[in-house]
Amino acid sequence: RSEAASRTPVVFWHEMTGPGQEQLKQFAKEFNASQTKYRVEPQFEGNYNEAVQKILHTHGTSASPAVFQSMDVSTSQLYHAKIGTPMQHFIDRDHYDINQTSPVARAFYSQNGNQISMPFNTSQPVLYYNASLLKRLGIKAPPVDPSYSDITRVAKAISAKSHGKVKGLTVEEYGWLFEQFMANGNEHLANHEDGRTGIPTKVQLNTPGTQAAMKWVRENIQAGDFIDYGAGSQAESNEIAAFLAGKLGIFIQSSAYISQLLAGTKDELGITYYPHQDGKPRNGVAVGGASLWISNDKPKDVQQGAWEFVKYVMTAKAQAQWQAATGYLALNKDSQKQPILQKLYKQHPSAQIPSQQLATIKANTANSGVFMEGVIQERNLAQTAMAQIYNGKDINKALAIAEKGLNRTVASTNQANHYK
Amino acid sequence: MLESLPQNSNLQDPDVQSALVQITTSARWRKDSLYVTLFLGPSLLLLSVFVFWPMIKTLYLSLFLTDNLGHASVFVGLSNYVNLFKDPAYLSSLGATLLYVIAVSVLTIVLGMLLAVAAQQHLQGIRFFRTIFSSTMGISVSVAAIFWLFAFNPSVGVFAQISQVLHLPEINWLADPHFALLAVIITTVWMNLGFTFLILFGALQQLPSSLFEAAKIAGVNKTTQFFKISLPLISPTLFFVLVVTLIDAFKSFGLIDLMTVGGPNNATNLLVYRVYQDAFLNGNYGLASTESVILTVIIAIITLLQFKLLGKRVNY
Amino acid sequence: MEMSRPNEPTINTTNIKSAKQLSQYALLLILTLLVLGPFLLGLWTSLMPTADISKGALWSKNISLDNYVTAIKTTPILRYLLNSLVISTVTMLFQVLLCSMSAYAFVFLKFKYRKQLFMLFLMTMMLPFEAEVIPNFSTVRSMGLLNHYAAMVIPFLTAAFGTFMLRQAFMQMPTELKEAADIEGLSHWQFYWHLALPYTKVTLMTLAAYSFLSSWNQYLWPMLTTFSDNFRPVQDGLRQLQGQESFNNWGMIQASAAIVVIPTLIILFVGQHYFKAGLNEGAVK
Amino acid sequence: MTITLNQLSKTYEESAQPVLKEVSVQINDGEFFVIVGPSGCGKSTLLRMIAGLTSISDGKLTINGKLANQVPPKDRALSMVFQSYALFPFMTVAENVGFGLKSRKLPSSEINHRVDDALAMVNLSDLRDRKPKELSGGQRQRVALARAIASEAKICLMDEPLSNLDAQLRAKMRIELKQLQRNLGLTVIYVTHDQVEAMTMADRVMVLNDQRVQQIDTPINLYQRPNNAFVAQFFGTPQINLLKANVAERELVIDSALHLPMTKTQINNSKVLVGIRPADVRIQIGSRGANARVATVSYLGNQSVITAVLNDSQTIRIVADSQLQIAADDLIKIIGVEDFHIFDINSQKLIGSQKGDVSDARVAATEF
Amino acid sequence: MTITLNQLSKTYEESAQPVLKEVSVQINDGEFFVIVGPSGCGKSTLLRMIAGLTSISDGKLTINGKLANQVPPKDRALSMVFQSYALFPFMTVAENVGFGLKSRKLPSSEINHRVDDALAMVNLSDLRDRKPKELSGGQRQRVALARAIASEAKICLMDEPLSNLDAQLRAKMRIELKQLQRNLGLTVIYVTHDQVEAMTMADRVMVLNDQRVQQIDTPINLYQRPNNAFVAQFFGTPQINLLKANVAERELVIDSALHLPMTKTQINNSKVLVGIRPADVRIQIGSRGANARVATVSYLGNQSVITAVLNDSQTIRIVADSQLQIAADDLIKIIGVEDFHIFDINSQKLIGSQKGDVSDARVAATEF
C-alpha cells in the first residue's frame, strides 16, 4: 500500500473504446507490475475531437495528463501550441532505437526529422463485407482492390437478393472517409502539399474525386440498397451493430474495428482496400489513428515515467498484442513475427489486408494526411455536405458550400494565430 | 443617535422597546441592511463571479478572433456577428432552435397539464398514477437518450419494427434531417413531462378548495372551473413553467450530443450545441462567444416578451 | 376539476358513475402507457443479452440480471452515481437556502435599489450558463478547481431562477401572515425560517426537485471540467460508457441506465407526499 | 323544494368522534329555516352536507323526494354564502357576483341586471370594480351575499352571512333578505349565531348542540317552551337564570330567602333547576326585606343588566329599567317573577312551565 | 401606554378618495377604547395604522409620547386580533398561540402556561392539536383571540374578535376579556359592530362615519347625548326613529295627529328631525283616538318590535311588551314619548334633547 503511494503517478489520457481500451488498461497494469517507480493511470477522455481541446485547456493545471494520445490530424495544432516535450528529446537522450518503428507512421508525426510524438495506433481505412452473407446469397465477392462500381454491384445484389431485409451498403457521414476519397484519388485537400511544405492558406473539398465518390453513394441511395446511419460515434455503433446482426452487407471504416468484427459474429469477415473511382488507379489512402505525446508541464520524473511507458507500449510484443486486440497496425518491425499475429493471420487471412494496403501504397503528399489546423471544422463541413447529399441535395452545391466555409475558417484561423 | 441608548438595554423588554421607538427607526434600517447583506450577499457575489463577469468577458471575446489557446488575438469588431448571420448553416440552426423551443414548450405544457388534470381525479389508486406520471422526472438526459436511441434505432428499434410489421415506410429517425429534430423533441418532451406534471399538479393541489366549492354551488361546470378558476389561480405557476421550459429548451445540449451530435445536416444543431462545437471542438472561442451573445440576446428578448405580455396577466 | 379532499372518497352507487369511472381509468391507463413505454422498453431490454437485442428480438430465452452484474462489475457506474449524488445534493441544499434568502430579501426587506437589483437578478435568469461556459471555464481553471466536485458545485450554489420562483411564492403568502408575525415581534430570520419557508413548502420542494434535477442533468459543464472517473457525474459517465462500448452493447448500456434511474425514482416516490392538497388552508378568512 | 334530512350523521375522517349524530328534519318549500348552536357544534358542517360539499357519513338526504346523498353540488341547484366568503381573488366584485350566472350562460343583459340588483341590495354598487383584497371585511361578506342573491337558486344556504356587518346594515339586510325570500319563494337554510336574526327571520329554528338536535320549533316556542335547559339558556340575552331549587309542597325553594309558589304539583324530583328570564324578574330597591345584593350593573341603553347574589350565593341576572338608580353593593328585593320553567336537574329536560306573578315570590328578609 | 392620534388621515394608493380624515383622539393607559362605525368606514384601517401595518398618509401617531409613524410593528410591542384571523396554517392551534412567545425566547414553562391559559379562556383546550383547516369558523376566530391574549402585550388591538361566536360564548368572552384587560392593565383598542359589546365593554367609544370621527364619548353619553343623528341612529336596536317635524310654538308638529310639547324653545329652524327611541314610545291599542296603523310586528322574546305608519306616512318603530296582543293593521294610539332629541334637518347636528312624558303627546284622532 505504501509502496503504491510512493510511486509517481503518471496520468495517461486516451480516446480508445472497446477492446482498445481494455488493451490499454492491460498495458498499464503490466507496465505498473514491471517496475516500482511509476504508476500509470489510464483515463478515457471521449473521442479524438473532444480530447484535443481538453488537452489544450488543462495544460498547466493539475488536471492535465502526463502522457496522452492525440489523433493524427491534431498534430499540427498541438505542435504549434508547444505543450509537449518532443519525443526526439527522449529518443536522443536514451539513444532509443527509433528505427524499429514503422517509418511511414513515424513520418506522419515528425517535422524536419524531429519526432514530435510517438506513433502508437495507426489504422487504415478499409472496406468490410459480410463474406458469409455473400456466399449465402450467391453473390460474387468484390475484388481486393475494388472500384466504386464493383461495390455498387455487390450492394445492389445484396439488397435485391435479401428482398430488402439486408441493406447493401453504408458510408458513414465522416470527414475522415471524405479525406480518404481525396487521398485515394490523388487530390490535395490543402495547398502547400496538404500543409507539408507550409501552413495551408487555401483548401478544396469540391473536386472531381469527391464528386465522383458522392455520385457513387448517390447511385446506391437511388438504387435503395444504401442505408444512412448519420454521423458520429452513434452512427458507427449502429452500422457495426447492424453489420454484426446481418442486417448490413458492406461498410467502410477504420481497420481499428477488425478484432471486434471478428469477435462479434460467426460470419466470415471480408475486407478489401479502400474503393477507388472507376477508371482511375488508386493513389492509396493515408494512415489514420493517433500518437502519444508527453506533456511538458509535468516534473521531470513524471515525464520520465511517461517516456518509460511509451517505450513499453512500443515493444514488438506489445504492438503485436495491440494489433491482435484491435486492428491497428503493429508498428514495431518485429511484431509481425510474434506468435499472436501469426495465429491471427492463420485464422483470419483477411486481417492482413490493412497492412497489405499500407505496404502497397506509394507515399506521396496527397496520401500522407493533412498537416493543418482546423481539420475538425473541415470534417464537420464535409460531414454536413455528406448528410445533405445523402438526403438529396445537389452534390456540387453541397460541396461548394463546404469548401467555401472551410476556406473562411482557414483564413480566420491563420489571421488569429498570425500565421502568414 | 445610537449613543443615547442605555448601555445594557434589553431590547426584548417591551417597555424599553417602546421607549426606543424613535431611536430604533434608524437602528432598524441599519439592522435591515445587515439582513440585506446576509440574505442577498452570497447570491449576489456568486452571480457576479459566474454570471455577470462571464457575460462581459463573453461580450469582449465576441469582438475578437481567438488563437489556438483561446486568447483574444485580433480585434475584428462586429465581423464575427456579420459572418454568422451570413452563414446559412447558422441561420438554419437558429430556425431549428426556435422550432425546437416552441414545440418543446407547447407540447410539454399541454401534455403536462393534461396529466395534471387527469391526476386530479379522485379514483381508487390515483396515487399510483400520480407516481407514474411524475416518474420521468427521475430520468436524466443520458438515460432518456439511451432509452430513445434504442427506440429510434433504424435496425432494431421499436419504431422500425412497428413500421416493418405494419408495412409503413421506414423512417430513419435520427439520420433523416426531416425527422431528427422531431425525434429529439419527442425525447425532450418526454423527459420534461414528469417535472412539469409535478409542478402543475402541485399547484392545482394547493388551490383553496373553498373557491371550487363556491363554483360548484354556483353550478359552474368543470371545464369552466378549470379555465376560469384553476388557470387564473395557477397562472403564476404556469408562467413559471413556461419560462423554465423555454429557457431550458434553449439550453438543450445533452440530448443533442448523445443522440445526433447536431446532425444530420445541422438539422439538430441547436444554438448551444454550436457554441460547444465551436469552442470545445473547433477551438474557435471568438466565434463561440459571438454565438453565446446571440443566444443570450434571444433568450433575453423572449423572456422579456413573456414578462411583458404574460407577466401582467398573471394573477398573483 | 374535482377538488374535494382525497380523504373523502365518494361511494359509487349508480351505473352511470361507474361507467364514467371506467372511462377515466382508461384515460389514465393510456397516459400511463405513453409515459412509461420507453422506460419499460429500456428496462425490459436491460434483462436481455445484447446478441438478441441486436437481432431486433423483443423476447429472449436468457432473461437475466447479467447485464446489471456486468455493468456494476466492469464499469464505474456506481462511482458515477455517487459523484452525482454528492454534487446534486450539495447544489440543491445551497440553492434552496441561498435562493430563498435572496427571494426573502426582495419581498420582505426594504432597501435602496431593491427594484433595480431584482431586475439584475432577473437578467441573470436570461443569461444561460451554457452561453458563458468559456469564461467560466477559465475562472474555475484559474481557481484550480478543474477535475473536482467544487467545479461542478460552486457556480451553481445560487440561481436567479430559484430566487424568482421563491419571490413569487413569498408574494403569494397572505399579507396578514407577515403582519401577524410583525405584531408578534418576529425578527426577519424568525419569520423567514419558521413561517415563510414552511408556508412555501411546496414551492421549496419544487425548487429543490428542480435544482437537484438540473444539477443531476448537468452535462456540458461536467464534460468540460472533469477528466477522471473519480469526479465524473453520471450523465457524462453514461456517455463515456456508451462511447466506450464501441459497438452497441445495448443490454449493458440499458442496464446502466436502469441502475441510474432506479435511485432517483425511489427518491421521487418517497418525496411524493409533499404534494398533498390544501397544505395552507385555514390561514385567513 | 323540500329538503329532508333523515338521520344524518357526520364523522370527519381525521377524528374518531362524530360531529353530528342522527339529525332529522323536513324543511318545507319556501321555508326560512334557521340553524343555531354554539361555535363548533356542526352548523357549517350540516349546511355543507346539504350543499354536497362534505360527504355524508350516514343517513339520507332527500331533495324534493329524490335521494341526494351522491348528487354533485352543481346538480342540486342551490346557492350558498360561505362563512369564509370564498371570493375569487382575481375577479372584481361584479365579476365575482356574475361568474356563476355567466357560466350558466345566461344572457348578458340578464346577468348585468341581476348583478346590479344584488350589488344595490348589499350597498356595494360603488365598489363593483374593486378586487376583494381592496375591500373591508364587511364588504367582502356582502359580496359573498350578493353572489348568492344573484344566483336566484330556489334553495339558498347561508352560513352566518351577516356576521361582519354593523347593526344598522344588518337590520336592513335582514329585512331585504326576508323580502327576497318571500318574493321568490326561496327555501332558505340559514346559519347564524345571532339570536335576533334567528328570532326575527326564521319560520322555524333548529338548535344544535352536543352533536344532536336539541329542538326544532318556531321562534316563539323556542323562547316560551324550551325543550331543555340548553335551549332555554341559548336564547335570550342576558341569559336565562338557571337556579337550583328544592321542591317543597306547592313551592320551589330557591334559597332560604326566595321561594316561588307552584300551581302545578306533579313534580317527583326533590331538586330541580328553575329557569327565570332576567327580564321577568321584578325587584324593589332598598334594604328593607332585601334578599339579594347587587354585584354588577351594566348599562345597555334604556335597560341595565344587574347581576345580584342571592343568600346561598347563587347569582341571578336581572334586567331593569336603566332609569332605576342602582349601583354595585346595593341591596335589592326580588319581589316576583313573571314566568318560569322547571327543568330536571340531571337530564336538564323541561318538566314544566308556569306563569308567575310579578309579586308572588315569598321572600324572606336576608342578612347580607 | 397612551396612544395619541393627531389628525390622522389615510388615502389608499389605488384610490383617490381618502378613507379617513383627520382622526384625533388620545387613548389613555389602561383604557378600553372601542371603535364602531358602519361596514367599510375605516375601522380596520385605523387599527392597522395604529399597529403600523398600514402607512399613515397624514397626521401624527404617538405612542407614549414618542412619534411612532415610522416605527415598525414589532417595535410597538402590541398584540392584535385580525379580522381575517391570519392563522399560521401549518401549525396546530397550540403552536399558533405559542409561536410568538417562543420566538421571543420565553422560557418554555412560561409559554406552556400562557398557551394553556389562553386556550382555556377561549374554550379550545380540547382542540389544541388541530390544524386551522380542521376548525370551525368560530374556533378559528378564537385561536386568533387566544394568540393575542397569550402575548400579554400592553397594547392590544382587536378587530371584531367575537363576530363569529354565538351569544353565550360571546357574553362569556366579553366578561373574560374585560377582566383580563383590567387585571393586566391593558390598553385595548377594540373594533366591533356589536353595540352591546361597545356599550358593555367600552370606557369610551369612537364612532366613525363618512371618513370622520362623529363622536368620542362614554357609552351612556353616546346613547343619551348623541352628537348627531348618525350617532343616534347607530346605537340602539331597533334604531331610533328620526321623524320630520315642524317647529311650532312650544311644540313639534310631527304629524297632524302627533304633536310633541317642547319645554325649551330656542329653536330657530322651522323644520327639525325628532329622534325618538322605539322603546320610549308609549302606545295604547284600539281605534279610539288612534294615530297610527301597525304595519309589521316582529317578535323578539319578551319584546316585540312594531312598525307603524303615521298619518303623513312617516314610519315609526315601537318596542312593546310581547305580552301585548297586537297584529298588523291594528290601529294604535301613540300616547307619548319618554325622551327625544332634536336634530338640525340639514346638518343633522343635535340641537337639543328633552325628557318627555309617557303621556304628553298631543294626539289628534286620525282617520285611517
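By letter and in written order, the chains are A, B, C, D and E; residue numbering begins at 1 in each of them.
Everything that follows uses one rule, which is that a residue touches a chain if its C-beta (ideal position, glycine included) is under 8 Å from a C-beta of that chain, and two chains touch if they have at least 3 such contacts.
Not measured: the values here are computed from a predicted model.
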**Study point:** Graph distance between subunit A and subunit C, where chains that touch are linked
**Key:** 1
Practice item. Weigh B-C against B-D on C-beta contact pairs and write down the one with more. Key: B-C
Review point. Between subunit C and subunit E, what is the gap in Å from one C-alpha centre to the other?
Key: 56
Revision key, fill the gap. So, in whole Å, the Cα centroid of subunit A is separated from that of subunit B by 40
Review point. Going by the touch rule set out above, which residues of subunit C reach two or more other chains?
Key: 4, 10, 54-56, 223-224, 239, 250, 278-281, 285
Review point. On subunit D, where are the residues touching two or more other chains?
Key: 14, 53, 84, 137
Revision key, fill the gap. Within subunit A, the set of residues that touch 2 or more other chains is 50, 57, 238, 241, 245
**Study point:** Complex interface listing, subunit B residues touching subunit A
**Key:** 65-70, 73-74, 83, 87-89, 149, 153-156, 172, 174-177, 180, 258-261, 263-266, 277, 279-284, 286
**Study point:** Touch list for subunit C against partner subunit E, complex
**Key:** 174, 176-177, 179-180, 182-187, 190, 194-195, 198-199, 201, 278-285
Check your understanding: Quick one: in the complex, what on subunit E touches subunit C?
Key -> 48, 51-53, 72-74, 77-80, 82-90, 99-100, 103-104, 131-135, 137, 140, 147, 151
Study note, to complete from the structure: As the complex stands, subunit C meets subunit B at residues 1-6, 9-10, 21, 24-25, 27-28, 31-32, 35-36, 38-39, 41-42, 45, 53-56, 58, 98-99, 101-102, 104-106, 109-111, 117, 121-136, 138-139, 154-155, 157-158, 160-161, 163-165, 168, 171-172, 188-189, 192, 202, 205-206, 209-210, 213, 216-217, 219-220, 223-224, 234-239, 242, 250, 253-254, 256-257, 260-261, 264-265, 267-269, 272, 275-281
Review point. Once bound in the complex, which stretches of subunit E touch subunit D?
Key: 12, 14-15, 36-40, 42-45, 83-84, 127, 134-139, 142, 159-160, 163-171, 193-196, 199-200, 219-220, 223, 233-239, 277, 279-280, 298-302, 305
